[in-house]
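Just dropping this structure here.
Going by the order they are written in, the chains are A, B and C; count residues from 1 in each one.
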Amino acid sequence: MEAKNMYIPYQMRIEKVTYEAPQIKTFKLKFVNPEDEAKFSFKAGQFGEYSVFGEGESTFCIASSPTRKGYIECTFREVGRVTAALANCEEGSIVGFRGPYGNTFPMESWFGKNLIFITGGIALPPLRCVIWNALDWRDKFKDITVLYGARTVDDLVYKHELAEWDSRKDIKLIQTVDPGGNTPEWKGEVGFVPTILEKNPPSSKDTIAIVCGPPIMIKLTLPILMKLGFNHEQIFTTLENRMKCGIGKCGHCMVGNNYVCKDGPVYRYDELLKLPLEY
Amino acid sequence: MNYKTLKTDKLPELFDKIKKAGKTVLAPRKKGNKAFFSTFDSFDQITFDYVQSALSPKSVLFPRVEELLTYKNLDDSYSIKEPELKDEVVVFGMRPCDGIALDYLSDFFLKENPDKLLQDRKNNTTFISLACKKFDNDCFCTSVGSSPAETKGSDLCFTDMGNGSYYVEIVTDKGKKLVDAFPDLFADSKEMNKVEQLAKVPVRFDLKNITTKIPTVFETNIWLDQSLACIGCGACAYVCPTCSCFDIQDECNPKGGTRLRCWDACAFGQFTIHASGHNPREVQSNRWRNRVQHKFNYSVENLNTISCVGCGRCIRVCPAGMSIIEHLISVEEA
Amino acid sequence: MQELHNKIKSMLEGNSVALFIAYQKNSDGKITPTFITKPEQIKKAYYGDDCRQNLAVYVHKHEVKHFGKVGILANIYTLKALLQIYAENQFKDDYLKIVTVNPKGAVVEFANFQEVENYISENKPAPNPEYVAQVEKLSNLGREERWNYWLNELSTCIKCYACRAACPMCYCTKCTVESNQPQWISAPSHSLGNIEWHVMRAMHLAGRCIECNECARVCPMDIPLNLLTVKINEAIDTEFGQEAGTKGKLDFALSTFKVDDKENFIR
């Protein structure tokens, strides 16, 4: 393979900024250079390094489905220097994008199965990509269920899409907020995600569970899935670790001998168990 | 392999001629007790009185700070420029163990997602190693599969035969190109027995025992015991010829800016910290464990080789006197 | 060494410490720190004039604090560092038991920091003649020459932060250079980033540096970093009568404000 300077980003124009929740925004990005766009493709689960020139790079998943051409989307929370600079960017300004990096959800191996997505808060974006991909390939899968929770109603991201999924017949959406996070108008569930999962137990037969969320949510969700009869090969998750280069060189994201940016971020649960707890 | 000889008193002329051909020559120069690779104005500034240089020659391929790209602010977008690396360099006086390290770094950076910056620098650099006639207590190349007779990773290997001549082994095509450029300085030679001229470095531990044992002691207390003395600086990683971790930093001014790559070390507390504040390697003992596991376990799994060449620089530089030799022996005995 | 070993033994067995930090001398003559938790480790403990590392760096370490009660063998610079750290309110009362070996070779255990303060005032370390000569040489250089000297030296810095790690007075849990909002100090080791780092560190050490010279000893590039704080320390001593590591109670000149201060910016 010919050596390349892997650190030159694509220039992307921000076509649309959507305010999702407090401190959370979605960017719809289009390639400035049409040749870049023509050559670009990715698969569900991959991420990129998004940058503000002069401030630095930050790692987010590609939140739009690979079946939708001509643009990519990312959703991020403002937590530090680069995300603060991104949050300050207006529609029409340019950001950098390097990618796609990482491995992918093996969606082809899920054909003919039920899919249940269990996620919370800002962890919906990485799965949103897979959900839309699955919906765009709808006849390849049996039942699709999304269990999504956030701290409060305000913190739910993709509110318009949640409303759309709620109204569709080919996807079952269960939304929940933490106790105390509901408003008088709230029609969804109230309770932590693992609790609501127990209330709406999925069948483990021919089902793939994709779990993505804060460590505490994953810690409490996995035993429930085990109890329901899921085995390790039926559960997928994504790992997050500090990343810089995105291509398995800088060392920041290493867990054991794995580079989360290269050997992950998608892990099947049995693969995850082989790694030391350094994530 | 081709063999040549070069009279030791012709070395200054060789350097002069290489410089006249437009290349930079780096050779060891002393500062206090330490030898550093440096440019020089006259041959007498070079030192031959060193066991090992303080910094490794890795900085010729992987500098401690380098530009990944520069950009200029335009009206509506950015103009991005890649660096062009054209400087030709000859490095003289590294040790044979450093050659193995350079090979490791090349594998690491070039096998998958090959790094153009390192490739360009490598294409433009000729490495001449000078085989070791002496060693110190911190050298342990023979314990990790190498020795002062090693030629792998060097382009040319010089051995001072003690008779006014260097025995020159031409290891690579690049080395041959340099030798062929100065036919009046290098004389043809048969293969010589250089081993008698070289330092005899004693073996300190059984590497096979260690690489077998190390994955099994991941969860034990030996890491805490070994790392109590560690004060958490990055000196061991920075002087190490195989350590390759780096950071990416943007710097800018009103007209544009640059994205830089600079050395980083897993020993630093913030190396693994998440934006949320969660730190997977919160305590120094976990970071120390990661360093040793990476060199003797993970790189074996990933690249089929340990990533330690026994140069001893980490031991010499450690402010707390920690010794990887002792730590590996304690793993063996655990 | 026997008296020292007996002292450590009585402290461990009497449970006044769970960990004792001392020096050991290895077979190749190298002096390294040793962390004694069991009686059979005591025989390794060593003390001599060649014990240069400032062990006070370890008292901030999370894994060391975890032992609860810690004993430490201190040379004069370690004592100065510990006293200064104590004056900066960094110690819980029953955390540390400090032991030294006085110039006559007798083992001394300090009951409290007042005793440490008294000991230091009676045992001021003699100035190192080489160090004095370096300072004098630099002082005699013109301003331009001195700046160029430091530009040259600091350009070789590799930002390994060994100086910071080895310094007992650098104990901030988040160092200024680790801040990126804003990035006060450039992280990469280009010349500007190096100067920013060392100048900033010298300013943060002004009047606090106990001049143990560890920074210079540990620097992989042999930069004489110990010279960076000499004049600032002198200035603080001259202007405010404060010398680092001499008092257990401190109204530090650079962080104490009095109504009659001549600067009026805070009025």
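In this text, a contact is a pair of C-beta atoms (placed from the backbone, for glycine too) under 8 Å apart; a residue touches a chain by one contact, two chains touch by 3 or more.
Computed from a predicted model, the values in this text were never measured in an experiment.
Peer 1: Report which interface contains more C-beta contacts, comparing A-C against B-C.
Peer 2: Of A-C and B-C, it is B-C that has more C-beta pairs in contact.
Peer 1: Could you say which chain's mean Cα position falls nearest to the mean Cα position of the entire protein shown?
Peer 2: It is chain B that sits nearest the middle.
Peer 1: Averaging over Cα atoms per chain, report the distance between chain A and chain B in Å.
Peer 2: The separation of the two C-alpha centroids amounts to 39 Å.
Peer 1: Mind checking the centre-to-centre distance between chain A and chain C? Centres are C-alpha means, answer in whole Å.
Peer 2: Inter-chain centre distance comes to 48 Å.
Peer 1: Let me have the rounded angstrom distance from the C-alpha centre of chain B over to the C-alpha centre of chain C, please.
Peer 2: 32
Peer 1: Among the residues of chain A, which ones contact at least 2 other chains?
Peer 2: 56, 80
Peer 1: Check each residue of chain C and list the ones that touch at least two other chains.
Peer 2: 183
Peer 1: Specify, in ascending order, the residues of chain B that touch 2 or more different other chains.
Peer 2: Chain B, residues with two or more chain partners: 247, 249, 251.
Peer 1: Using the touch definition up top, name the residues of chain C that touch chain A in the complex.
Peer 2: It is residues 180-183 of chain C that touch chain A.
Peer 1: Sort out for me which residues of chain B touch chain A in the complex.
Peer 2: That would be residues 68-69, 71, 73, 76-78, 80, 82, 108-110, 112-120, 218, 244-252, 257, 259, 261, 264, 266, 271-276, 278, 280-281, 286, 290, 293-294, 297-299, 301-302 of chain B.
Peer 1: Tell me, which parts of chain B touch chain C in their complex?
Peer 2: Where chain B meets chain C, its residues are 31-34, 36, 54-55, 64-65, 137, 224-225, 227-229, 231-235, 237-239, 247, 249, 251, 260, 262-263, 265, 268, 270, 283-285, 317, 319-322.
Peer 1: Spell out the part of chain A that touches chain B in their complex, as residue ranges.
Peer 2: 1-9, 11, 32, 51, 53-57, 79-80, 83, 94, 215, 240-242, 244-245, 247-252, 254-257, 262, 276-279
Peer 1: Under the stated contact criterion, what part of chain C meets chain B in this complex?
Peer 2: Counting only chain C, the residues touching chain B are 26, 28, 30-33, 35, 53, 57-58, 61-64, 156, 158-162, 164-166, 178, 183, 186-190, 193, 214, 217-218, 220-222.
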